[in-house]
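Two complexes are shown next, each including chain A; its partner changes from chain B in the first to chain C in the second.
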Partner chain A sequence: MNTEFNGVLLIFLASVLLAWPLGRYIAKVFSGQRVWTDFMNPFENRLLRLAGVNPEQSMDWKGNMKALLVLNLGFFLVAYLFLALQGLHPFWNPNGFGNWEPTLAFNTAVSFTTNTNLQHYSGETGASYFTQLMVFCWLQFVSAATGIAALALLFQGLKNKSAANLGNFWALFLKSNTRILLPLSIAVAVFLVFRGAPADFRGLQEITTLEGETQKVAGGPVAPMVAIKQLGTNGGGFFGPNSTHPFENPDYLTNAAETFSILLIPIALVFAFGFYLNRRKLAILIFGVMTLLFLSFNAVSITQEMKGNPAMEKMGLAEQPNLEGKEMRFGPVASAFWGVATTSTSNGSVNSMHDSHTPLSGGVYLVDMFINAVYGGVGVGFINFFVYLIIAVFIAGLMIGRTPEFMGKKIEAREVKIATLVVILHPFLILVGTAIAAFAATENPDLAAAWLKNPSFHGFRKWRMNSRRPRPTTVPVSKAWATTPPSGTS
Partner chain B sequence: MFKTSLFLILATLLLFGVAYPLAIWGIGKLTPHTATGKPVERDGKVIGFENIGQSFHSPKYFWGRPSAVGYDASSTGGSNYGPSNPDFLSTVQQRIDTLLFYHPGKTAADIPVELVTASGGGLDPHISKAAALFQAERVARARNMDVRGLTGLIEKQTKGPYLGLFGPKELINVLKLNLALDELPQSSQQ
Partner chain C sequence: MLSKAAVESFTKLHPRLMIKNPVMFTVEIGTALMGVVTILSAFTPGAFLGEPGYNLVITLLLLLTALFGNFAEAIAEARGKAQADSLRKTRQDTPARLLKDKVETTVPSSQLRPGDQFVCTAGDIIPADGEIVEGLASIDESAITGESAPVIREAETDHSSVIGGTRVLSDRIVVLVSAQAGESFLDKMIALVEGANRQKTPNEIALTILLASFTLVFLIVTVTLKPFADFLNAPLSIAAMVSLFVCLIPTTIGALLSAIGIAGMDRALKANIIATSGKAVETAGDIDTLLLDKTGTITIGNRKATEFFPVETMDKLAFANLAALSSLADATPEGKSIVELSRQLYGTEFSTPKDAKFIKFSAETRMSGIDLTSGQKIRKGAWDAIRKWAHLSGPETALTQTQVETIAAKGGTPLAVALDHKVIGVVQLEDIIKPGIRERFTRLRKMGVKTVMVTGDNPLTAKFIAEQAGVDDFIAEAKPEDKMNYIKAEQEQGKLVAMMGDGTNDAPALAQADVGVAMNSGTQAAKEAANMVDLDSDPTKLLEVVEIGKQLLITRGNITTFSIANDVAKYFAIVPALFAATIPGLKVLDVMNLSSPESAILSAVIFNALIIPTLIPLALKGSRYRPVGASSLLSRNLLVYGLGGVLLPFAGIKLIDIVVSLFL
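Up next is the complex of A and B:
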């Protein structure tokens, strides 16, 4: 088992060690200092000028917010149209998938625009390669870049005396795409292609297995999408079961690379805060707090998954790890580590089925998603943490009887009200949503039975998992081999 | 602002929806075997993919893990069963019973857990070495061969952790193992 621990230790150390220089690089990109990717300058400037933007022109928070909202509204509309009219485009649709039902297209477009990536569809049975690339892969870049650009504005706001001259959202958005997400995605995607994640445009391939059965195998341009799915804390997989699928995640090394990709940018942005504001010690302190939580969650999840399922021991099996919903090539330790990493960063991709994890392990993931700021999603995770900071500083200020102040800025009634609203909004939405769902379920038990895979408390949990649960599998268990008695006689 | 948004949407669509994936696809042309998902050929015909598990029922072949989707690679998934779900536990019990029926002389305590649990994607290509050894006698009997020949084959097909340092120990790719099994000289093809 030691080699499994070595693996996750390596992934974690590599993420932190590479996040440090990446953080420095990101701070330079934000502040417009010289970096090696400056060869893209003429291209970006030209694009911006054609778009009617003067990248040097700084806007206040209102101007930037308007730009962000209008741009994202556009994302949503394009995504919705492409999905709702999927059946109309003549190419990149070898399996001939039709138009999406409007509510599903709406849900999915909202979800991918907001970097949530909740999937009520399954890639291999519902999405053409056109929508995989022109909706999902595209949104996985631009929604992540929106978050990173917002964080850049926050950094500048902390540096400034006022909320004027925060920077230019359009330029920051474009650079977050081209300077941060694109180079990393290319590197990761190429690695995945070399390890056996497909990048082709073929439809279903029919093969005859060793035993003479027909197996239809779905493929497609998997590698490019998986790379940005991991890096941009997106999480919406090419296939239904996400990175448990051997084409999304072929072996132990790709799993290491994909887990690393989950953690890299979120950690780097914490360091970028230190570099940008020249407050490295504070950044390391913040990183330390996050890491303490991160490692504690891992300790719980890993030990629980290693201990396995006591109900199965009662059936006479020896004590073994919990492998339901897990892949052999990753093993229980790397699966639990991924679980914590993906819920910490609100990534939402999976390399094992979290519903099948042990209760405490699943509980840790819920806490992790609730905090939403243990490293957190790209850009927005740090913003969430910052809101917690404001409240913590305010409470500390009350305790020692001084006017609370953070980074030279007074925190008074107005600031705390805003911060409190932000903090309360999250449980408010979750609880109200759960209450409505619970009410609907008690009014209509058949509905609940169709929604829920698991009875009792566990089923209840599903409503609270706001993010990226792969669709409930509706395939009857009788298809599993053990219930189909093997043919032939022994 | 609307014009700017529209323009940036078009530009990013072309960049990340078209140019980027096509670039990766182009780079994949350098390594056609992996970029098409590592197909496995026998007698010039593709009979599977290295990392996509296939369902094996016959006693003559080593069986892979149970799959919540019956190894349907066009609609994949896991069971999503919680560990205490009664449906799940009765399914596990059925699997244990099936295994014990086909492996006389073994007890439940001998069964490696992956043989009674379904994987996340339903296409797990691997089992542990222990799970292959568990089945060795059955396969040997079905093929009329000496079990010692099989243990040697299992040993040869076992892959250790990466560099001997990272990842799970002693994994076996079921498809490759069964292919090698068919290659054995004393092995009777079905």
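Up next is the complex of A and C:
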């Protein structure tokens, strides 16, 4: 058991230790200082010139927002068309998958463009390798880079103390890809390949099992997709079962690397804030608050998973710890740690069935997703935390007898209005969405039975989770998967 | 006053007035909704509509909550109204002696226009605000300031403005009208204390938005609870939902918010400060830098002569006599103090010599003095001016030079005296630092406020006094534009600056400063440029203003924190009660062990209502402000109002539950 604890402790410490220099590096990238990746300059400049963008042109918030929206709208449309017309791809489709049903294509395109990565399909039975790489993998890069670039704009805004001259979204977006996400993803993907994750373009492989039967096993360019899925707080897996699948996450070391990849950039961006604005103390304080929450959530989840399922105990089955839905090669502690990490960074990848975690563990994950700022998604997590911070500073400022001020800017009606709008949006979307689902289910129980896999209280979790992130149980378990059970219990 | 406020809490229920306070407005809507439900449930009772009796009790409790909020506001306003009434008595239509082309005619004061001139003599009530253009008078301003000692107002000085409604006690003055009838100082003051045109301050607006958004969040929470409960087959009565909503929204701060603001203005008024807006009072709490005139603020009145230093060849008594003689016609406090000192030291009585020619001080010569009939010429003035005049001086001047430097280094002001173009000695003038001022500056430093002394003294003297008094910085040999530049420089660093002034030449700086306090005795220009007027004309008043501003914000912040912290206990009371029947597991949350679900909800609602009148005294008096560091102030307030706000309702709701359960 100690080994298990030490394992997650090491993963956490490694993430924090490496996040510090990465944060410094990101701050340099944002401010255009010299870094070792400058050899990309000619390539980036040519791309920007090709797109007709002058990277030196600094825009205000409106110009940047327009750029962000237009770019992502474009990504969405292209993704939708690709999915809806998948059957037309001439290559990288060894299994010959056809066009997607339009609503599924729409849902998936929206979801991947917004970094949500809700999957109502299974990669191995529905997506060609072309789709996996050029749509999903691509969107996982650009949606993460959008978040990081938005954060860079916020940093500059705080530096300027105004929303004019924030920088150039196009250039920041490109650099987030080429300087931050791409190098890290290559490193992680190479590591995964060395540990056994496939990266090929072959179709279904027919193998003979030990029992002498033949079955077809899905492979493909898995490793690169897993790398960006973890690093960019995306979570959209190559296979339906996500990182529980042995090809996505072959052993304990890959699991450690993938957990580390979930936390790395979100933590590094907190430090980048300190380096960029030269407010290291404040950055460490913010990191401290986030870490306090993160570790408390872990404490609850890990103890709960270790204590096991009380219902099983009542039945006389003294099963300790709770192993339902867990991969034996990772164990309950690493699974609980992943659970907290993935929900607190709004990543959404899984290495165990969250549906089978104990109730309080599940509750912690819901809280984590609701706060959405304990490190949080790349870029956007810090922005969320910043919004909470404005409200906290507003009240605390009053309590010490000053009209509230933060980073040298007064917090007045306008600032509070914007901050509270963001805060209201969250419960509004989640609660109203869940309420509509609950209403529909109450009115039409037969219909609900068809799409609601869990009855009663457990059912709520599904809606709330759905509105945020994929869970394996929402993914139809593929046929190919059914014939190749994972090592260990599931 | 209480009964008047009680009546007003009902009239304030008008939705048009209530909507200005979104939190309490939703309480009113909830009350109305429950009223309808009560009636409906009398005909068709059911799980959703509930029992009519219980509904009625909830309706009344919610109404009470709204009324308590209005009561808090009414009682805060009542205090200002009483003051306004007494002020209004002062503003009667008085006859004015209009002076036109040197002819006096008597007209009613309401017919005076800006630019008109009128005459007042002893016993007259001044009919309108204005500036004295001729003469001087002692005036009783007690009607406005409450200060019974008369004040002197004189033309062509920094104390030339008079206020309509005050009474001339002696002499005759001619006054130029400066304000239209209805826009006079008194009118403004009445409007201000009545809160008639009370505008919400930027901070109040921001807080209102925050509270409204909390309310919206809880509205979403309670409304969506219904489909969730239906899905779980848990019956949820509308009374329970409305109660949950009202308990969760920040009613405590919502109800007390405007009372806190009014009370803050009121406290400023009690300190005899007239602020043109609530914003000015709030800003005062934020001040980073305070510009204070040395004279009157840091030192008592003016410099006084404390010692004579004649040259070696001259006897001290003779020198004292000559110095006093030269000052006889000098009406400045310094001049008077020289005569006073030689009287004290040698008992000499002086009478003005006949036919002597007095030389008035002029900015050009920077000397004053007397030409006696004997042909002797005595001059006194700044050292460099005298040295220039005393071109016949011998080598003894060198010694005087040393003496001058010694005096200056000790914080004194040397005043050189010369006879027939020969230096005969120096008079030492000294500032007397006000007792207790050092402690006040220490207090300000703890608040994080930097104090800057402004003085016309030379840098050496200024430095000495600055150290003695404990100010952080000083501007020596200050000209009006120096103040202005200093304020601008501080503001460029993002700091807020406050200053006090009275003269017309202070007006630009007063306008530039974030908080400008003009003395009531000051000129009209200064008063118009400032955003506060100190009726007592007390320069140390700024310190109080800063504290009042801070206190206002702290009270607001503390009650907000308290209000939000209260929610924790209410969750523990209401949530288990709501689902007691369907989700027995939630019983674990019922840590207070309340007697029944109905009683739990009632107790929470009653607590929620009662906490408002309980906190009215705090809202009116304001949280105490201690000048300790920001972090210890924050942790102390978080402990008292945050943790206290979490714990108190547990005890309160439990106690109420014990009482309520007796009736259920």
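Assume the second predicted complex is superposed on the first by the 458 of 490 C-alpha atoms of A that agree within 3 Å, B and C clash if a C-alpha of one lies under 4 Å from a C-alpha of the other, contacts with A are read in each partner's own complex, and residues count from 1 in each chain.
Here is the rule we go by: contacts are C-beta pairs under 8 Å (C-beta built on N, C-alpha and C of every residue); 3 or more make two chains touch, one makes a residue touch a chain.
This one's a predicted model, so the numbers in the text were calculated from it and none came from an experiment.
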If you stack the two complexes on chain A, which partner ends up touching A:N168: first (chain B), second (chain C), both, or neither? neither
Based on the superposed arrangement, let me know which partner A:T343 touches: chain B (first), chain C (second), both, or neither? neither
For A:A396 in the superposed arrangement: first (chain B), second (chain C), both or neither? second
Which partner chains sit in contact with A:R195 here, chain B, chain C, both or neither? Use first/second/both/neither. first
In the overlay, answer first, second, both or neither for which of chain B and chain C A:N322 touches. first
Should A:T420 be classified as contacting the first partner (chain B), the second (chain C), both, or neither? second
Which partner reaches more residues of chain A, chain B or chain C? B
Identify the partner contact of A:T233: answer first if only chain B is touched, second if only chain C is, both if each is, neither if none is. neither
Residues of chain A contacting chain B in one complex and chain C in the other: none
Chain C contacts chain A in the complex at 202-203, 205-207, 209-210, 213, 216-217, 220-221, 223-224, 226-228, 230-232, 282-283, 285-286, 494, 549-551, 553-554, 556-558, 560-561, 564, 625, 630, 633-634, 637-638, 641
Which bits of chain B are touching chain A when the two form their complex? 1-9, 11-13, 15-18, 20-21, 23-25, 27-28, 31, 34-38, 45-61, 63, 65-89, 91-96, 98-99, 102, 107-114, 116-128, 138, 141-142, 161-162, 164-169, 171, 175, 178-179, 182
Please give the residue numbers of chain A that touch chain C in the complex, ascending. 391, 394-404, 408, 411-413, 415-417, 420-421, 423-424, 427-428, 431-432, 434-436, 438-439, 441-442, 456-457, 459-460
